[in-house]
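Shared chain: subunit A. Partners: subunit B in the first complex, subunit C in the second.
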Partner chain A sequence: MAGDLPPESGAPPASAPPPASKPSVRVFQCPGCGATLNIKAVGQTITVGCGSCGATLDTSREDVQLVEKGQVLKRRIDLPIGTRGQFEGSVFEILGVMGRHDEASGYAWKEYLLFNPYQGFRWLSEAGGQWSYVSPLKGVPKVDDSISFKTGMKPRAELGGRTFVHFQNSVGIVDFVIGEFYWRVRKGDKSKLADYVDPPDLLSCETNESERIWTRCTYLTPEAVGAAFRLPNPLPYAIGVAPNQPNPYLERWRGLRDTWFLFTIAILVLFVLHKIRSPHQELFEESLHYEPTATAAEKVVRLGPYEITGNGNFELDLHADLNNSYFDADVDLVNDSTGEAHDMQVGAEYWSGYDSDGSWSEGSTSGDDLETGIGPGTYHLVITPSAANGANTPTPVSYRLKGVRGVSVGSNFFLAWLILSVYPLFTFFRSSAFESERWSNSDYAPSDSGDGDDWSSDD
Partner chain B sequence: MQKFYLYFGTLLIFLAAVASSRGYSLWSSVTTGRFSPTGPRAYHK
Partner chain C sequence: MARFLCPACGAEVPFRTADGVTTTCGSCGNLLIRKDLTLESLGKVATLADDLTPLQIGAVGKYRGSGFTVVGRSRVDWAEGTWNEWFVAFDSGETGWLAESQGNWAMLKEVPSSSAPKLDPKALRPGTSIAIGKYTFEVEDAREAWVAGIQGELPKVVRPGKKYFSVDLTVPAGEGGVATASIGFPDTGPEVYVGEWVDFPEFHFAGLRVLDGW
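Up next is the complex of A and B:
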């Protein structure tokens, strides 16, 4: 790109220069410390950061100029300069590493410049162990800056049929440069950055006074980066959630959601059918009285006979006039033909009174019992009741007993639905928590200030 | 996992339907502590 002066202020030029037709290496000595440095992207590299003394050098001309002296600081560089890795089917070599931080938050990240003589330049961006493969964008996205707190609409960028939602604006400041760069860059250079996400991709718009550059950042796991470079040791594990990190629970939730919805419909349909088909035949409803002073034989109540057709269940419903007392009844449901009896029990207790907080009550005046496996036949009931007050003194009680056969049992369906809802709900909440953590790092994170323009406001 | 959920859910709904058609109530069993009908016994007056 003869005659073109690359832009200042840290931003790479809009288009990287075309790759050299013949790879070659230029060797020179750092004017700051005398260390031997190589330039691999000959004809393209115009800035070199010396890894030994931290100096920034201008290599655009034959005589290397010292732009700025640097400091030798211990920095964690996961991928040393010269490391080679495979991306998009080609081998790229790391030429340079640049460290930047956000002016407002101090959030720091590194950018590794990759070079292939035939494919050109790419980058790897890393922050907190989260990686992205950065490539120049073909085309300019259509940006819509509309924003609405009411509807939750954020600015968006549209490209290739995809919608990328605005994540954050920041100002990136260069902290250090080591290695080769094809544009003029030095410590302290600033660029405005605007990020739009549609995981696993992020569109980043970098702007300075003279131009605007769009890049696509595709999320990579540390394992994928390690595999690309065939590193002997694993890279540091990722911390937190990256803006473009795919949500592993979202796809799972979407799949489960559809199945769970189908299950809910199936359960509802089956329940309604079961309800319609249940005979719910009332066999008797009797008003009875328990008198504690009666003889043992007089206390026992016999009801029936009742005819039961078909197999199914039998339910006893009790309502008792209780006043700080309890009522229990042992009930034998006896098949007159076979002489077999089913044991049932119904009971109720009700207590009430006044204390310093006012009136109180506890318990219920009704109870029930359900017996299953009742076959067809003629049955009678043998009821042995008992009742007492709080002092355990037997007390007379009037009660009403109803017997129904073939009651619908909807609780089985409800229990099945509850059990089947646990895993989808758990996945939904995990997915939501993942998204909350993602967006907690954005410009739209809920704030505690309660200001009128709070993104979480209901206005 | 999705396939397991599908098979498990289908089986669970089938069991719920069968239990309800026979008049069994799992909830009632849990609350009364009687998980299976002990069956009728011979009645002695």
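Up next is the complex of A and C:
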């Protein structure tokens, strides 16, 4: 090899032509079925799952050993071994695929081993059509196992300034291995998994007797995986919500939240300002009496004239001395110069009594009516009242009428707030529903407390 | 660079580092040990089985602005896998180790035994915390390992096949320039190495192996 060393003189070593070295693919016969198999990651691969007979082989030594006979698999493998795809700007080849399931729930998933000799190993994991791109973590997150049922605080893992919340613990059991793997693996192998989420990433800690391996799993859509491998046909649809699936509504809600909050504040401020600035000018308050025995002409009351200035609304407030009776008044607000009449109505009814449940009452002794678009001018009111008791017999009623110019109306503001809040609140509720679905698959699902929750029994 | 002649075949054998103690003869494959001004042959070493690593002896790279040359390699096996330890000579005269494990790369330098912590290998389990220098490390894995083969120049006499206890450590909650450490417990006493994980492209290697199809 000494001859391959770059010259020690000042010549830049980079100019030395790269020695051509052809890495040989290691070829051997499967001891189980005789099929010709090959190893791409020569020197790294120590387990091979035969794709023909399903046998698991130990290839760590020159003579390949049969670890376990297998069965021909009739499973759907979305990404065949040897397929190449592009990730993080590099080409990766699928070396192997491993099927696993969770011991407690039976939840099954597949892991595809990706290899690039310059970049090392990566994974793609797939469950229910949901994909993640998995890369080894160089550091170890700081795990805080403290929990609080009161505040709902879950164990979490801190890494790179981000907090990942504990999602679930599980025990992964290997169902099958096809292709090559850089560690010893066989059907039935168990390892403990602890997952922490901060979408679109999930940190997974896998522990067995001799190792603890942290990986980062980044959510991928089936479309993104298909595009990375340039698959001719689309991958199956994703089912449900993946633990690390970004919540599209949450992003939208976060985008709206501040605006919505500011808008709510602004509406409140405007409402208060409007309330303060509304003239709320009392034009008159008259005590009147309705006498049913009077003639029709006598019953009609004429009030005014009143000078109304500026633009705005006009409110008529009624308070009537009612006792098991009702009072109604048709009011014409007439502009003296134009003769234009605004038709207004005020009424109230009040009923009370005593029954087996005790005393009761319903209705109110007051009422009001609001008329908008009242321009400045001189006005008078023409009031035609009527009143009756429970037997619909006309009855005398004393009442007061108050006329107010420029009343502040809060309902307009509330209506505006409601209309402009529909979309933000809809987004918020969709976001909450999405999170509920995500967490329904976790150890913290509200319905299955105590089912497979082994996070605290860490031995 | 010191130049010697192979006592077995007469080929010229260079030593690139002052730390280099042994090397393998590029011509005849004998394991040679440096004795003052001459070399002594310890006999042939088994040829290193080919593996699909992009690195090779003679490759040059940069680490934190300093150029280095890959001068030797020790391939380490354990029950469940394998890794490479590449011995590198910096232009400054310093030496270091470039650890390659399943496509992850870390540059490490040996901590002088005077400032290395006193450790009992039996007490080191995954999760155990150890302070080395300014960092508090956590044991990632602890296992028995052995050198499967060597190539080129190395700063110590390595006996292939001899088992020793090997511990890998890391610093929790770090990311980006994450500190890592490795402790070996050969019979000659603990060897402590501290360094950091580095993304392969950051080394800007030249003279890498040309891998067909990649």
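Just so it is clear, the second predicted complex is superposed on the first by the 388 of 459 C-alpha atoms of A that agree within 3 Å, B and C clash if a C-alpha of one lies under 4 Å from a C-alpha of the other, contacts with A are read in each partner's own complex, and residues count from 1 in each chain.
FYI, a contact is a pair of C-beta atoms (placed from the backbone, for glycine too) under 8 Å apart; a residue touches a chain by one contact, two chains touch by 3 or more.
Everything numeric in this text was worked out from a predicted model, so none of it was measured.
K.L.:
Which of the two partners, first being subunit B and second being subunit C, lies in contact with A:43: first, second, both, or neither?
P.N.:
second
K.L.:
Taking the superposition on A as described, I'd like to know which of subunit B and subunit C A:142 touches: first, second, both or neither.
P.N.:
second
K.L.:
Once chain A of both complexes is superposed, is A:291 in touch with subunit B (first), subunit C (second), both, or neither?
P.N.:
In the superposed model, A:291 contacts neither subunit B nor subunit C.
K.L.:
Could you look at A:339 and tell me whether it touches subunit B, subunit C, both or neither (first, second, both, neither)?
P.N.:
In the superposed model, A:339 contacts subunit B only, not subunit C.
K.L.:
Once the shared chain is lined up, is A:198 touching subunit B (first), subunit C (second), both, or neither of them?
P.N.:
In the superposition, A:198 contacts neither subunit B nor subunit C.
K.L.:
Quick one: which bits of subunit A touch subunit C in the complex? Just the residue numbers, please.
P.N.:
Within the complex, subunit A contacts subunit C at residues 1-6, 8, 13-14, 16, 18-24, 40-44, 46, 91, 115-121, 136-143, 158-160, 182-184, 207, 210-212.
K.L.:
What does subunit B use to touch subunit A in their complex?
P.N.:
Residues 1-2, 5-6, 9, 12-13, 15-17, 19-28, 32, 37-43.
K.L.:
Touching residues of subunit C toward subunit A in the complex: what are they?
P.N.:
Spelled out, the residues of subunit C in touch with subunit A are 1, 11-14, 16, 24-27, 49-54, 56-58, 60, 67, 69, 71, 79-82, 102-104, 126-127, 138, 140-143, 151-152, 170-176, 178, 180, 197, 200-201, 206-212, 214.
K.L.:
Please name which positions on subunit A make contact with subunit B in the complex.
P.N.:
Subunit A reaches subunit B through residues 252, 255-256, 259-260, 263, 266-267, 270-271, 274, 277, 311-313, 332, 334-335, 338-343, 369-374, 382, 406-416, 419-420, 423.
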